[in-house]
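So, here's a batch of structures to check.
Common to both upcoming complexes is subunit A, partnered first by subunit B, then by subunit C.
== the complex of A and B ==
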């Protein structure tokens, strides 16, 4: 499994885990798990559109992820975030259905986009993922403290920063970036699990915010590495193991740790 | 009063929200170190006034000035109304105070001794040292309120705004928080504006009171404002200010259609014997 043709898979999966673990900390802190589900799944029709037009799927993904950010932030003015996310999800899936029927065939690539495909990643794709990772992690490092303050209380963040709405933009932008990079690897249906599982386990293990963020990254790395190894050994889909192990993280986090008692009470 | 450094001046402030006047010509000012109660029933405009001071709500007319001219060094400390602190959030009390110090800064938080010391001092000042390392969402209401006060004060603002900080606190925590705020405002020269629907816990502590009813306000010393003729004129109908067992109750003379929680028809509810 450490053969040369697997090198790209390991590199990309590591980058995806780094970003998903870090972004996931804020996803869980901001109670935005549903947005983290709606953005990648809502971006998936972008890939279908790209397939129809014969352009790079990443382009379609980026466009639809960006549209998702705009739709969710704009709809959020009148609605709660979960309503905004649901509306966006329904709308984009409707468009996706149309695009798929227009393309006339259920392309093999689409299966990979839904459930992930780590094998056969090209050097160019690795570079693309690396650039998007650097962007996402850079933005997170820059806005880490304001985002944490805003997770504690939007009112407190607004008092300290003036308007806090821009923070939601930053957050969704980072989420969209990580979506676009992670989607071809772990798939639209499972990006969300990699963000939520390790992060919610990590925050049950420590009371310190930056340790919880680090723990989330470490757990995400363990999940992804184990998933690739298991997929290689069993020839089962990587996405299956990512989802399974992330879910296991979440359950373990709920069972033990400081926050567990209260959440189950 | 014009000699003392003004921390806050509100002059002729009018706010309309959704076509409804919420604040009408509110006038008052606070000087450094003053402790002022903002008293009124639910819906009287207390929160809107605090939000207008914070700049969240635009004024239709009038002006709000901080520190006499321009903005204050250290800005405004703010404790919002009933925030629910998520018990799942991995944040210790000391992290919340640290976020008050530099939560608005960009870039990763680097460990700094002076920063840690400042946080430690602030935790001690509000009596939160013993639970500084506990997860903030798991603390009691009174403990959380102390942590939020420390969060608001750690940058040494000249003005501290608190929106109903005593709601949902038990009698003992209420008295402790009031005494704490009174002491901190005296020590640091921070002017405190605290909103409450019940003025009784504040009676011994307030230097001034701003009494709001339907968006109109009277301000002054508590014994000048909390009087039958002054409040009757503010409400626009007769109310009686009654003192029972060292507590003040404002009672409407007759049953009225509109509800004013600060005006109790049944004084028993506002004067429970502790």
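== the complex of A and C ==
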């Protein structure tokens, strides 16, 4: 499993877990699980479009992730947050079906985009993922404090910083960046389990926000590494193990602590 | 638009129209309550998780609708059983159930492709293929639709009260948890039907889209349900016919049915929110104002 052809998979998965663990902490704190699900899944038509036009899939993914951020924030103006996410998701997926059907490579491409394809990652892809994760983590580090404050109390943050609206943009942008990089590896559907499961467990283990952030990253790393190892041994899809282990994280967190002590994080 | 004559004589088309119509009706009724109860995410999670059931059905070779139903009901059961009160916990739990269910779907679809060599299962389960619905499903689908409609009709009043205020509902002697559970079951049925029609991951569109559009226009729940049913039926039937006709305009491949249906729903939503916003503005400026304008 440590053969040379697996090296790229390990590097990329580690980067993805670092970012997903960190972003996941804020996803949980901001109750944004649906947005965290809708952005990756809603970006997958971008890859289909890129396939159709024969350009780099990261380009298409970035475009659709950006469109997703704009659509969700715009729809949120007159609509409930979860309805806005649902509408964007439905529309982009519908476009995705059309693009896949036009490109004629329906079945094979679809599965990889949705559930991930760890093998066969090129060196250029590794570089792209590294740049995007650095960007996402940098943005997150810059805005970590205001984002946390805003998650705890929107009014307080608006009073102290006066830019609650912009923070939602920043948050969705970071979410979109992490989405774009993670999607080709763990797949659109499971970027999101990597964000929710480890972060929820970390939150139950400690009531210090920054410690929970660290715990979330560590757990995400453990989940991804074990998932790759298990997938290598069984030949089953990585996505299955990521979903299963993330769910296990959540269950462990609930058993360990009621979660009530952790209203803050 | 000039329709090709005789599309009603086409057997797959008749099946698609009846299953789609049933799904659209149920989704409208259940969807309005779901949007009002802020359960759009839960509804979407049920839909995605049900795709694991659909994939399992292909693996063991049973009616896919049964698979969708079983998995949607199981996920709804887990979420009701965990009984989390705070909105944050509910959001998390929904997310975790969704992630685990999708992981399972990934595995089952992989087995579909490797063990049973049903390569197209992923596409059929996730994005639906309405024109390939076997005729044997129609009676079951219509029965499921009838049960879901009946359940929604029975609980519609207590559900509305407990949506507005759980305390008020309890004071009136309404068993809030039983009502919520019944609604979840109806939601699972609606999701399964809709997964059969437009596919598991697109079924949210049929459930949330028409309801959200109707709630932009209607002032009362009853008229919202009627309007949602109208929008849902029109989009589903319109989209089906459009997809059928598109085989004649496009070279070779037609447009996917699910794409046509969801696009029509989204257009209806945009139109509804535009009309809704226009209707609200003059009322604010001239309270006595010219309504007929």
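Keep this in mind: the second predicted complex is superposed on the first by the 256 of 265 C-alpha atoms of A that agree within 3 Å, B and C clash if a C-alpha of one lies under 4 Å from a C-alpha of the other, contacts with A are read in each partner's own complex, and residues count from 1 in each chain.
Here is the rule we go by: a residue touches a chain if its C-beta (ideal position, glycine included) is under 8 Å from a C-beta of that chain, and two chains touch if they have at least 3 such contacts.
What you see is a predicted model; the values in this text were computed from it and never measured.
The superposed arrangement places subunit B and subunit C next to each other on subunit A without a clash.
Once chain A of one complex is fitted onto chain A of the other, the partner contacts of A:197 are limited to subunit C, with no touch recorded for subunit B. Looking at the superposition, the partner that touches the larger set of subunit A residues, subunit B or subunit C, turns out to be C.
In the superposed pair of complexes, A:229 makes contact with neither subunit B nor subunit C.
Contacts of A:151 after superposition: subunit B is touched, whereas subunit C is not reached.
Touch criterion not met for A:59: it reaches neither subunit B nor subunit C. In the superposition on chain A, contact is made by A:212 with subunit B only, not with subunit C.
Smallest inter-chain Cα distance, subunit B versus subunit C, after superposition on the shared chain: 6 Å.
Overlap of the subunit B and subunit C contact sets on subunit A: residues 28, 31, 200, 259.
Per the touch definition, subunit B reaches subunit A in the complex via residues 54-56, 76, 78, 80, 83, 85-92, 95-96, 99-100, 102-109, 133-135, 137-138, 151. By the touch rule above, subunit C contacts subunit A in their complex via residues 35, 38, 40-41, 43-44, 48, 87-89, 91-107, 109-110, 113, 119-120, 122-123, 126-127, 199, 201-202, 204-205, 208-209, 212, 216, 253, 255-256, 258-259, 261-263, 265-266, 269, 273, 277. The residues of subunit A lying in touch with subunit C in their complex are 28, 31, 33-34, 36-37, 41, 78-80, 82-83, 85-87, 89-91, 93-95, 97-98, 100-102, 104, 106-108, 110-111, 114-115, 187, 189-190, 192-193, 196-197, 200, 236-237, 239-244, 246-247, 250, 259.
Subunit A contributes residues 28-29, 31, 141-146, 148-149, 151-153, 155-162, 200, 202-204, 206-212, 258-259, 262-263 to its touches with subunit B in the complex.
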